[in-house]
Amino acid sequence: MIADDMRMKDHPILGEISKGRPVEFTFDGKTLTGYEDEPIAVALKAAGLMVHRYTSKHRKPRGIFCAIGRCTDCVMIVDGRPNVRTCVTPLREGMDVRTQYGVEAK
Amino acid sequence: MNNSADVIIIGGGVIGCSTAYNLAKQGVSCLVLEKYEIGHGGSSRNGGGVRQSARDVRELPLAMYGVKNLWPTLSEELGADVEYCQKGNLRLGKTEKHMEILRGLSGNSAKAGLDVWMVSGEEAREICPYMSDEVIGASYCPTDGHANPMMTTLAFFRRARQLGVRFITGESVLSIEKIRGKARRVITDQSVYEAETIVIATGYESRGIASSVGIDIPMKKVLLEALVTEEQPRMFDQMLGTAEADFYGHQSKHGSFVFGGSSGIEDYTIDTENSVTTPITAPCICRGIIKYFPILQNAKIVRTWAGWIDETADKVPVISRVSEVPGLVIAAGFTGHGFGISPIVGLLVSELAIGKETTLDLSEFTYDRFKAKM
Amino acid sequence: MKNLQDRSVDMGEFVAMPDDDLIICRCEEITKGEIRRAVHDGMTSLIEIKRYLRSGMGLCQGQTCAKLVRAVVAAECKASPAQFELAQPRSPARPIEMRTFANEE
Amino acid sequence: MNRYEFIVIGAGPAGLSGAIEAAKAGMKVLVIDENHRPGGQLFKQIHKFFGSREHKAKIRGFMIGEKLLEEATSLGVEVRLDTTVMGIYKNREIICTKDDKIEHIKGDHILVAAGASENMIPFEGWTLPGVIGAGAAQTMMNLHGVRPGNKILMVGSGNVGLVVSYQLMQAGCDVVAIIDAAPRIGGYGVHASKVARTGVPFHLSHTVVKANGDDHVTSATIGKVDSNWKIVEGSQKTLEVDTICIAVGLSPMSQLLRTAGCLMAEVPQKGGLIPVCSDYTQTSLPGIYAAGDVAGIEEASSAMIQGRIAGAQAARNSGYISDEEFLVRVTDLKKSLGQLREGMFGHEMKGRTDIVKTEEGFTLSKSLLEKGYIDESELASFPAAAACENEYEVHPIIECTQNIPCNPCQDVCSKGCIIVGDKITKLPIISDTATCTGCAMCVASCPGQAIFLVKKSEDGSAIISLPYEFLPIPQKGDKGMALDRKGESVCEAEVVLVQSAKALDHTVVLSIMVPAKYADKARFFRAGGEKL
């Protein structure tokens, strides 16, 4: 099921919100659904997930901050690669997305 | 404020800062003039190698002295972590020709008393498991290592400043003037300073400054480029190089990798005004690294930088009093391997500056050794 | 204009502040206190602060913190932020994987 | 090596405009953008633009983006998306990355139109998930259809903070408050008013003290600041929010220009470090131009003109247009740009807090600057907002009280009722001779949503027509409350007419009936009870 708590269906100016094809991916091993090509971070946000990673030094939680690929706060482990900017990386079917601890997965 | 000191050091790089620290420790009043900021030039733009292996044998005593006596306690001495890591240097080879080069280099060093030997590809992979099977052998010097050049420079600066050395940044030295036969005055774009002894330690720029008192050092500028990766999981501690010097580097304490290298054609394409990165070098370094360390192919480059190497005609530095201009000392032309010997050079230059007998023999590094080939 | 060139100018004693734990550089997790301390250690140019603390050397390369670091340094030096030159940005403009950088068309 | 006559970095308003201008002149143009969608910030800007017709006023940002893109492609401009420029090197060579490879491309001319990045302010807990930039909020809701949060605290009352607050409400979020450390609202009064009338409170001279929460924001502590920007003891209060949105200004994204070696200058009024440019966008490096926010923070309308100037300059420098043609072209563009830079929000005015009167000499509304809405008592001094002679005829009330370069109200009034004149920063006035027909085009066209139609009836009721851009759209016959300028309920109201013609471009004009004595108070409608 597409998590849609935070998704808009209709907008006063933009009209009906149409997205691409629903695809399944995993977040820390749990199956979620998002829309193909939307940024990974958006699919996670829609599912209500806030924490993308815990920092190297102080192990503090981080999430979306700039949402345009500049600040690099939202990085996660995607398909085994660390430090992937989820706000600008398009979601694909079957992606393995994991919370990043420092620069590694748990 | 008083514009005079016992010694004026021109150049706030690692050599200048190390010298200032050593002078201050001996109670000598000292003033450092820096055109940009502390560590602007090669001091902040080098691979961080603290290497003895593959050095010119003339330089080897300096490198060995530093590794033995100075580097291990430097952080403690300066009160700041210079990230010295002594886990060896591997110089890698992939072809029989490479192995020949490596055998030659390590043979010379070994003859001069350094503990360095050849290892097989397998042995090298035991030391550093991440390298590709293409590596067929390496020279290995277990007492080599690396440190953080930016921190080292700033740590010398910080400690020297605490000991009372006066540092002035943002002033450009225009010339040195002799008074009654001795180098005495330093003219900058903003002021005039005076000292008993003047040390020039400004890399390639030393040529221009020395020429104001009629001295030249045969030196050219060579562009160096390096790249830095994002933080990576800890993989290895060794300093790495290759037989053909396609790249060299290490993983820093922070976790990022720092690799230097060249494309081979920079010498003919660079613009000698600005030290800026070229569009061809970083991709070339990346290709080199991936061949040796395939595991790093997904590591992201976050930064590249360029700097000048002050390469002398015989590729070893000038660390010398200038006999024809009393009061002048030159420490320049380190040819890309000055950082590793900077702690000992600072000590030696401080000794030259105050006319003390030097801890090590410097007769190979005189300013006037360069002669025509016939 | 405050004279920031003469590094022997006494910065006064370092006095701890209640918000010294505040993160300024998010990538490298460098705090306000660390930056203020670096200023007292003599690092009064932003490039020195960067080299000394790694602020602005992380994944975002100072895109978020450059001005914030400058504000802390300027305040500590009791000078105007405009007096401090921002550290030179370096290519690449975004993090790029080695295999991508190696793959030239 | 692949080579173009004109490479444009950034497909935002400046970049696309520059590309169009150069392509029109006959140049071979490549536009590169790192985003998946071209248009830069335009596609996040769903509000109607200010300015005049030539500045594309009253058109929504994203529509302008689409038009520019269409025009560029029809002129043969090549647009490469998802492509990031990694650096500008010697001889105007760039490296760009797409997917898993890089390409070297050279440009005879390069326009850097990289836009801006958001400024941030550090406070305790600012690294917690849930603290985001205002741009992030816009990106999530306006590009990707996902609400950034449910209950939002907006930090910053500049135009970005105000516009994004409004957009958050349009997306269905609850904006709990807008705060600003400054004692005055930084953005246009009209933007503040359209938020204030929905009931969003402004807390000026307030800052975030702390974002609370373990793993993400669960509330925010704010506090009053004194004139030294120190928190006033005991002034702290906690707001229940899940998202703190930061909108404290923009800085030029000058990295590429700086790596290229352009001479830069620190200009606070323009947002910080900007390239030193000629009058015609030429940087210190031959063949490299800068336009839009990267050359100094301004509005998108200015960016489009600057982009055109850069395109024209490149076309002249490569011999595609003559010096004479160039001069004619840029003289027009410069004039147009000059218009946008006038008024009390022009960048020369940035940071000035000593403006107390309009160009016409009217005293500015203090309440508007400090609370976000005009106090009724202050309105009388503004001619177009004052009650007219015959209150029983339909007539516009224009609550536009600051000198903003904007004139769509004059433009759309077919009867000539509304007059701004040639100087578009002037406040509109109502013509003595022309007669309002109640078409409501002005209501829907005013980018500031500051125009209302009022008609009183003999029976003691009044009909107020007001702009409405929220969902659900009320229906004729719906009953609810009329809210005043600060968003407080004043009386019951009934919807008597809902206009949503295409020409109104998604600004629904609601006509509500209220008792006549509330005609000067009722400025918003809330269906049903108290809350949206």
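The chains carry the letters A, B, C and D, assigned in the order they are written, with residues numbered from 1 in each.
The rule is simple: a residue touches a chain if its C-beta (ideal position, glycine included) is under 8 Å from a C-beta of that chain, and two chains touch if they have at least 3 such contacts.
Here the structure is a predicted model, which is why all the values come from computation and not from measurement.
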**Request:** From the Cα centroids, identify the chain that ends up most central relative to all protein Cα atoms.
**Result:** C
**Item:** Contact-richer chain pair [A-C vs A-D]
**Value:** A-D
**Message:** With centres defined as the mean C-alpha position, give me the subunit C-subunit D separation in Å.
**Reply:** 32
**Message:** Roughly how far is subunit A from subunit D, centre to centre by C-alpha average, rounded to an integer in Å?
**Reply:** 28
**Prompt:** So, what's the distance in Å between the C-alpha centres of subunit C and subunit B?
**Reply:** 24
**Prompt:** When you check subunit A against every other chain, which residues touch at least two of them?
**Reply:** 55-56, 60, 62, 65-66, 69-71, 73, 83
**Request:** Mind pulling the residue numbers of subunit D that touch at least two other chains?
**Result:** 34, 87, 89, 95, 102, 104, 117, 127, 259
**Asked** Which residues does subunit C have that touch at least 2 chains other than itself?
**Response** 26, 58-59, 63-64, 90-92, 94-97, 99, 101, 103-104
**Request:** Using the touch rule from the top, collect the residues of subunit A that touch subunit D in their complex.
**Result:** 6-8, 10-14, 17, 19, 37-39, 42, 45-46, 50-52, 55, 60-71, 73, 87-88, 90
**Fill in**
So, in the complex, the side of subunit B touching subunit D is made of residues 271, 274, 276-279, 283
**subunit A contact footprint on subunit B (complex, rising order)** = 230-233, 255, 298, 300
**Residue numbers on subunit D that touch subunit A, as the complex places them** = 34-36, 46, 60, 62, 117-118, 127-133, 135-137, 139-142, 144-148, 170-172, 215-216, 469-471, 473, 506
**Complete:** Note: in the complex, subunit B contacts subunit C through residues 1, 37-40, 44, 150-151, 153-154, 157-158, 161, 164-171, 228-231, 254, 277, 282-283, 286-287, 289-290, 296-305
